[in-house]
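I've put the structures underneath this note.
Each of the next two complexes has chain A plus one other chain: chain B in the first, chain C in the second.
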Partner chain A sequence: MKLVLNKDKMQIIREQDVVPFRNRVKEYATKIGMGIVNQTKLITAASELVRNMLKYGGGGEALIEVISQGRDNGIRLTFTDKGPGITDIPLAMKDGYTTGKSLGVGLPGARRLVNEFDIKSTPGSGTTVCIIKWKNG
Partner chain B sequence: MDRIPILRMGQYLLVTIQIDLYDRLATNLESDLVQAVSKTGARGVLIDISALSIVDSFMGRILNNIGSMSKIMDAETVVVGMQPAVAITLIELGLELKGVHTALNVEKGMELLAAKINSAYEDPDEDEAGTE
Partner chain C sequence: MKTDISKLLQKNHKQILEDWMTNQLADASLREDLMSNEELGEQSQELLSALLKSINDKNLNDVQSEEFENVYEILSGISMSRARQGYTPRETGMFVLSLKQAIIGTLTKMLKNDPQALVDASFKMNNLLDSLSIMTFETFIKSREEVILRQTDEISEISTPVIRVWDGIVALPIIGTLDSSRTQVVMEALLQEIVESGSTIAILDISGVPAVDSLVAQHLIKTVAATRLMGAECIISGIRPEIAQTVVHLGIDLSNIVTKASLASALRHAFGILQLEVQKKQKDKTVR
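Presenting the complex of A and B:
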């Protein structure tokens, strides 16, 4: 069972929100004693997802939670936007797939960098991506 | 601050990124550097990223762009000082810094640039000869 120890919400509406958001995630990860490599992986994944939310979802909300499960603590991040959504999730998750003339590494890369990755999308009403990085994961 | 200073030293351009970059700052750096290479005819660009705590696909793309555009103008680019955690993360993310050379620190980076530039000068057909 996952217990939520702490909660924090941030609105992401402009490119300038990216760095403060990353710093906030870093604060929480440092607070629970997450090591530098896991922190870097978490923040990089977060950066990719927050950029997607801005670029494709028209901005949205990022929820930062400190969670615990058994002996391990971790950070759970949930990105919610009310953009156009993704019709074919397996395709969007493929390395190199992009509709934005980019590299297509964001989603598949973010999944590799964290311990748990969950994406839900309803075409026409939005996308939610949730990731968890355990302190010792 | 909305511009990162570019230092000129002989045939080299040196940039030290001292803070985590906002996107605007990164895209400004890209265009400033490319302009500086073309204006000065620099042969080497060294970018110190030791203060960067993360490099995501956006920043990776900027670095690659700087490298490939400089290459077109006959300048080599070396990125130095990447933190180990950043290097590990980039590999797992699946982003390759194909457009640039990398070195451990500024000193090694300068050596690498000097070697690249001199070898190109002494033997301009080196690449072609190597594939025959």
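Presenting the complex of A and C:
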């Protein structure tokens, strides 16, 4: 049972929105007392996903939630775009695969950096990625 | 009888200006520190004359009319200079809005006996002055944005200092996030300095980069590759423990780049490559 303690929504439309968003995530992570290593991991994963959303999904919405489960607190981030979607998710999750000219580590790397990772995509109508990082995870 | 509003206003030019100045001077937010009352009076006089000159019975309904172009020009000049001088939007807005009060006030006095004409006239003047105030805000915000843009440029320029730390060694501390445009500036500055100083070693210090994601890493790899093409060796320093862990989890391969935890150890490595040695000065034994 995951309880939502705090909610915050941000529109991501331009590249300039990435840094303010990252700072906001950092703020929440600091508030629940997350360590510097986990904070950096969460922020980096968020940065990857938010850049993906901008590059491939044409921007979208990012939801920051402070959640609690039992005695553990954590941050849940949900990225929703209305882009073209991903047809082959297993392929997109493979290391080194990219349709752009990037390193191809964004999605698989982000999955390794967080505790829970969930991706849903409908070709033609958009993609939703949800990640959770526990304070002591 | 139909009243000619424009004639009426022109006749009361002086009264309106007086009222307007009184309104402005009475406002608590008046910034005497930024502009003297005489200067304010001149500005007000200039704008009001232009407005009353271009106003006529026909164009009152049409705020887009070409005859108002002169007014718009003066007004945008005023609001631009105010934005640069550091006026708040409220103070700038009050400038035009207090003119509205003065004009409507005069109309009310003049058309006391003709309520229908008064309603009609105030409606038209309202429309006209509203569009003038919207214009003021648009220009005000635009000039503010220009200020911000200029500052962004300045920041990206001053934030990429290339330092000659030793003969043949240049260092470049990167502070803030590395995006595509930043990388371009950094790369240009670094490569230029390598040519000018004839350096063979470049140290990129990323202590001031808050997070290294795959995009930043890709930009770093590109910069290193370009430096190598120039015949110089590139060392990345300032990798903090949390950054190291994140890069490993992310799966970015930086193994063929020389990386160091601190600028000091990068410098030591550079000395090693250049076969230099830094030693503590030894005391002369005969003295002791």
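The rule is short, and it goes like this: the second predicted complex is superposed on the first by the 137 of 137 C-alpha atoms of A that agree within 3 Å, B and C clash if a C-alpha of one lies under 4 Å from a C-alpha of the other, contacts with A are read in each partner's own complex, and residues count from 1 in each chain.
In the analysis below, contacts are C-beta pairs under 8 Å (C-beta built on N, C-alpha and C of every residue); 3 or more make two chains touch, one makes a residue touch a chain.
Note that the structure is predicted; figures quoted are calculated from it, not measured.
Asks: Assess the superposed three-chain arrangement around chain A: do chain B and chain C clash, or do they fit?
Replies: On the superposed model, which is not a single observed complex, chain B and chain C clash.
Asks: Touching A:Met93 in the superposition: chain B (first), chain C (second), both, neither?
Replies: So A:Met93 meets neither chain B nor chain C here.
Asks: Now for A:Arg22: first (chain B), second (chain C), both, or neither, which partner does it touch?
Replies: A:Arg22: touches chain B and chain C.
Asks: Taking the superposition as given, does A:Val105 touch the first partner, chain B, the second, chain C, both, or neither?
Replies: In the superposed model, A:Val105 contacts both chain B and chain C.
Asks: For chain A, give the residues common to its interface with chain B and its interface with chain C.
Replies: Common to the two interfaces on chain A: residues 15, 18-19, 22, 36-37, 39-41, 43-44, 47-48, 51, 95, 102-103, 105-106, 108-110, 112-113.
Asks: Mind listing the chain A positions that touch chain B in their complex?
Replies: Listed in rising order, the residues of chain A that touch chain B are 15-16, 18-19, 22-23, 26, 36-37, 39-41, 43-44, 47-48, 51, 95, 102-103, 105-106, 108-110, 112-113.
Asks: Over in the complex, which chain B residues touch chain A? Could you list them?
Replies: Touch list, chain B to chain A: 20-24, 53-58, 61, 83-86, 88-89, 92-95.
Asks: Where on chain A does chain C make contact in their complex?
Replies: Answer in residue numbers: 15, 18-19, 22, 36-37, 39-41, 43-44, 47-48, 51, 95, 102-103, 105-106, 108-110, 112-113.
Asks: For chain C, which residues are in contact with chain A within the complex?
Replies: Result: residues 177, 179, 210-215, 217-218, 241-243, 245-246, 249-252 of chain C touch chain A.
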